[in-house]
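The first chain written gets the first letter, and so on, giving A, B and C; residue counts start at 1 in each chain.
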Amino acid sequence: MNSKLRTLTNEAISSQYFSFFVTVILFLVLYGVGIMTYKGFMRPQVFFNLFIDNSALIIVTIGITFTLLTGGIDLSVGAIVALSCMILASLLQNTGVSVPVAVVAVLVLGIFIGGVQGYLITAFNMQPFIVTLAGMFFCRGLTAVISRETISITNDFYVSIASERIGIFGLGFISIGAVVALCALVVAAVVLKYTKFGRTIFALGGNEVSASLMGLPVFKTKIMVYVISGFCAALGGVVYSWIMLSGYTLHGLGMEMDAIASSVIGGTLLTGGVGFIPGTLFGVLIQGVILTFITFQGTLSAWWTKIVVGALLCIFIIMQALITERKSKLSSKSSIEAAKQ
Amino acid sequence: MENLLLEMRQIDKVFPGVKALSSVDFTLRAGEIHSIMGENGAGKSTLIKVLTGVYPRDGGSIYMEGKAIAPRTPKEAQEVGISTVYQEVNLCANLTVTENIFIGRQPTKHGFIDWKQMNTRAQELLQKLNVDIDVTKTLDHYSVAIQQMIAIARSVDVSAKILILDEPTSSLDEQETQKLFTVIRRLKKQGMGIIFISHFLEQIYDLCEKITILRNGELVGAYDVAKLPRVELIAKMIGKDLSALKDFDKSEEKSVPSAGVFLDAKNISCIGKLNHMDVQIHQGEVMGFAGLLGSGRTETAELLFGINKITAGEILIHGTQMRLDEPMKAMQQKIAFCPEDRKQQGVVGDLSVRENIILALQAKDGIFHHIPLNEQIVIVDDYIKLLNIKVSDREQLIKNLSGGNQQKVIIARWLATNPELLILDEPTRGIDVGTKNEIQKMAVTLAKQKGMAVIFISSELDEMIRTCSKLIVLRDRNKVAEIEGDAISSENVMRAIAGGDA
Amino acid sequence: METLKKITASPLFLPLFALAVLLIFNIIFVDGFLTIEMTDDGRLYGRLIDILNRSSSLIILALGMTFVIATSGIDISVGSVIAISSAVCCTLIGGRGDGAAEYPMLLAMLAAVLAGVLCGVWNGLLVAKFKIQPVVATLILMTAGRGIAQLITEGQIITVYYKPFAYIGSSIPGNILPTTIFIAIAMILLVTFIIKKTSIGLFVQSVGINPTASRFTGINVTFVIFLVYAFSGFCAGVSGLIESSLIRAADANNAGLNMEMDAILAVALGGTLLSGGKFNIGGSVIGAITIQTLTTTMYALGVSSEQLPVIKAVAVIILCLMQSSKFRVMFNNWKSRNKVGPQGDKNFLMDEKAVNKA
């Protein structure tokens, strides 16, 4: 009986979805604690607000997950969010450009920035972190070049998109940004699971040498993940601008870590090859719940969020490291047992 | 000339400074299992890499079923029907079994991957190979043996005509190997041509029909397995004719071991690397570990130096039991180790000769006991002179030296730590004849004059026979013989390496 | 021609050349750039002194970063560690209006440096022990570190009125040069002493060039990696003292902002490869002064501190491209195609590939 239990736990720990289950359970526990501690947590709208407040983060996390899956990283996402907000604000306030054109321009810019970073990383074998770190400084600097002051967005049409609320069975409502985020989640999940491109990303993250020996298009795929990450960051920027209704140099500061943390908490391995889009959603939601806690608590300061997110990221990475170690031990043990037989 | 599947004619391949292959011929028939044999650097893997498009060839031609082919990448080779399964299985451990078989060629429905159909097809494909596993689990759930089968299944599914198996059994146990062989024989019956590369002689005699032997990049010949006794095979690989060997074995004066035992390893094992090995090394003894690559010779050395931990048995040094689980602990017991892979494990390329020589001694002394520069210079200059290392300047970067001089620098690094046991793993590989002799002589001199214990590992039998006063022969990760004194002769050693009914 | 080649091949050529270009630019376009005057209370001042003063904390950061990068790691948390260190120092001295100190300044300074070391130890644990990629490990502290600094200062900008505290950033009465310069020189001497008297420099390079061979030689690779991050934390702690004294306050949001990029740039410019290996302390110091000169020049041209990262990001990419072997092969290929013709060069390329694969 005992040994059966042990094999069961071993099985569970070595499962790819172990981290995901931990995350879901953690989310439920946190939410349960919230309900027990604060009356307000019971309202369905509190749950929907998680999606509204974190819509941009969800989208950015999806993008960064693509790069993490190949074993790379994209530190520029937070800065691209800021740059997107600033360009939108500047175009809408200072020029006569229409809303759709401004949005498309921002998305194209995101694709371009991602493409350049991806090309530098792939073609010249440069380390992803240094290229995207430079990208981060470049984009944030560029934001300040456009304007060092906050630019508020007052375009009527834009404001109406931002404040549009979609009811859900009379329980509450979500924003258009949240809808975009949910759509992005579905698209990303389908791409990663049901397209050749998506599976190539996993193969690449698992073993790049094998992937190229199996004849997979490594070069193209590697560039594409940074393009996707850049696009998602720009889209996240658009959604972020619906929340903030302004452009400002410090928008999305530190968002790259929030996104990496969400992804990792949701079960993405930093070494690449393992990850799960629904998991990243829960990664974001956990951060959202913590933020809600801090808001409800009232006396805790906002900077606690960053510390808690950092601590969570640490715990999950260390957990990953320990699981990987355990797994390799398990497999060597099983080979010993096999040898004995 | 029926059933001719593959012909390679007059293949040449040159690397800077080395002729890796010179006019090598190779012929493979449909339904044939053919082995390519040769010691390290003989050109086996270069030949395979030329065939599979990893390296471009510098001369010669390749015909597949009579048509000239010239694959430039492994993918192009696959497309003409040549698939390779490597020793370290080139699949993705994080993907499911199904995906590993089909990735890049997934069946789709309405533009999306049809997982259901893919899983069913994978299951069928594996069942044909007699493998019944859950194909929806990730690859890392399965043993290397199963992973080999999956890699083979992938190759079979891309409708390969030629299957190359590069050291497929090196990490399999007996049972798994037999299972793999059943699969290989089945594929042979289906008319596939199979190239099987292995260091395990037993397996080659068990499975293959033909053997092509290479030596120093040249073709020795292609032989029927049934007509080639093992000892003759070894002789052809090493390049000595058995009849000519008798007078070749005249040894120079060897070192006579003293009575003091330096190291005594009792029944040491390491899972997947070495089984139950006993070694006793005396002071002033030059001991050789003989055996083919992968036989356990390097593995034993790495256990003694603490690179890998022993999983069973014990090691006594001067009669006291020691735990040698990291290199530093072995170094403190005055053990030194010149590793086999000079480039990866020995040389620190961007550092100077001086820094490379001083490195081990400095590591042993610790960070805070820095050896002053003038003392370093004295030590370094001593060894440069002693070992006759040809450098323009002691500050020259080691990466700019020739292989032989690099090797001498690594040996100097370890002599500087004043060891009582010096392990030399393939110290003469890839270096010129003159330097080879110097290093062999040095090993004997050190044992004679300083009473140092030396372990000498080499693929070249003659240099071991000349230098060692005792030889331990390993085969398939087991110690199979211990040959001492006058019994050391090429013939005896070869018979021991070959084993079986030689 | 030969001597010219020798000069340009020197690792110090690039940072010195860049520095010279910047200085010449400044001399031509900035009025009184070279003027150094004496103030009434006996201190030297002028633009050159100012650049040296301001580059001190960057020099110190670059010293720590050099070792980290030499082990083929990176530490992007240094900016936040500066914020933590200044927060600790200023909080302990306290912002009392009457100009008195809550705790002795020496104690506060020690605590601040210790806080920096602790941050470094934390990074070192994550990288060396848990084998987390350096960039992610230090990203955690980069982002959470500012939160920690906020926590220490309780969200306030603590302004210190205690007089002696200002001496660190400006100068001790009776001294003609700013104290920062002495601190920087002391740190450079310390590092030089460490390199000369211990073997850490040798081990760091060895680990950065070939970790496997280093392990096979008995070097404790984990400990060496741990040590460089701890030292980088120490350097950031010292920089934090200078940064907070310069403005006589602890600003958790802005102290040391973007300095991680400056430090990386300084090291790369100084000739240390971002992929690790041989390092060059002198190069990093000159690199730091060059970067600070660039910053000052850009300020003089009206570029704001928020906009400056654009230029530095481009500079980093260019430096990385120059260090990338693939780029160099492509570049040489292009150059010799114009000279020798394509055939010979193509063979050379193939040989190199073959060697790499072998």
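Before moving on, here are some points about what is shown:
Methods note: a residue touches a chain if its C-beta (ideal position, glycine included) is under 8 Å from a C-beta of that chain, and two chains touch if they have at least 3 such contacts.
Note that the structure is predicted; figures quoted are calculated from it, not measured.
Looking at subunit A and subunit C, the chains that touch each of them are B. Chain pair with the most C-beta contact pairs: A-C. Between the CA-based centres of subunit A and subunit C the separation comes to 30 Å, rounded to the whole angstrom. Measuring from the averaged C-alpha position of subunit B to that of subunit C gives a distance of 45 Å.
Contact residues of subunit C toward subunit B in the complex are 196-200, 202-203, 205-206, 209-210, 212-220, 277-278, 350-351, 354-355, 357-358.
Taken together, the subunit C residues at the contact with subunit A in this complex read 74, 76, 126, 130-133, 135-136, 139-144, 146-148, 150-151, 154-155, 252, 258, 261, 264, 274-275, 304, 306-314, 316-317, 320-321, 324-327. Per the touch definition, subunit A reaches subunit C in the complex via residues 73, 75, 120, 123-127, 129-131, 133-138, 140-145, 148, 249, 254, 256-257, 260, 270, 301, 303-307, 309-311, 313-314, 317-318, 321. For subunit B in complex with subunit A, the touching residues are 73-75, 78, 90-95, 99, 103-104, 106, 108, 111-113, 115, 138, 140-141, 143, 154, 173, 271-272. The touching residues of subunit B, when paired with subunit C in their complex, are 15-16, 54-56, 307, 327-328, 331, 337, 339, 344-351, 355, 358-360, 362-371, 413.
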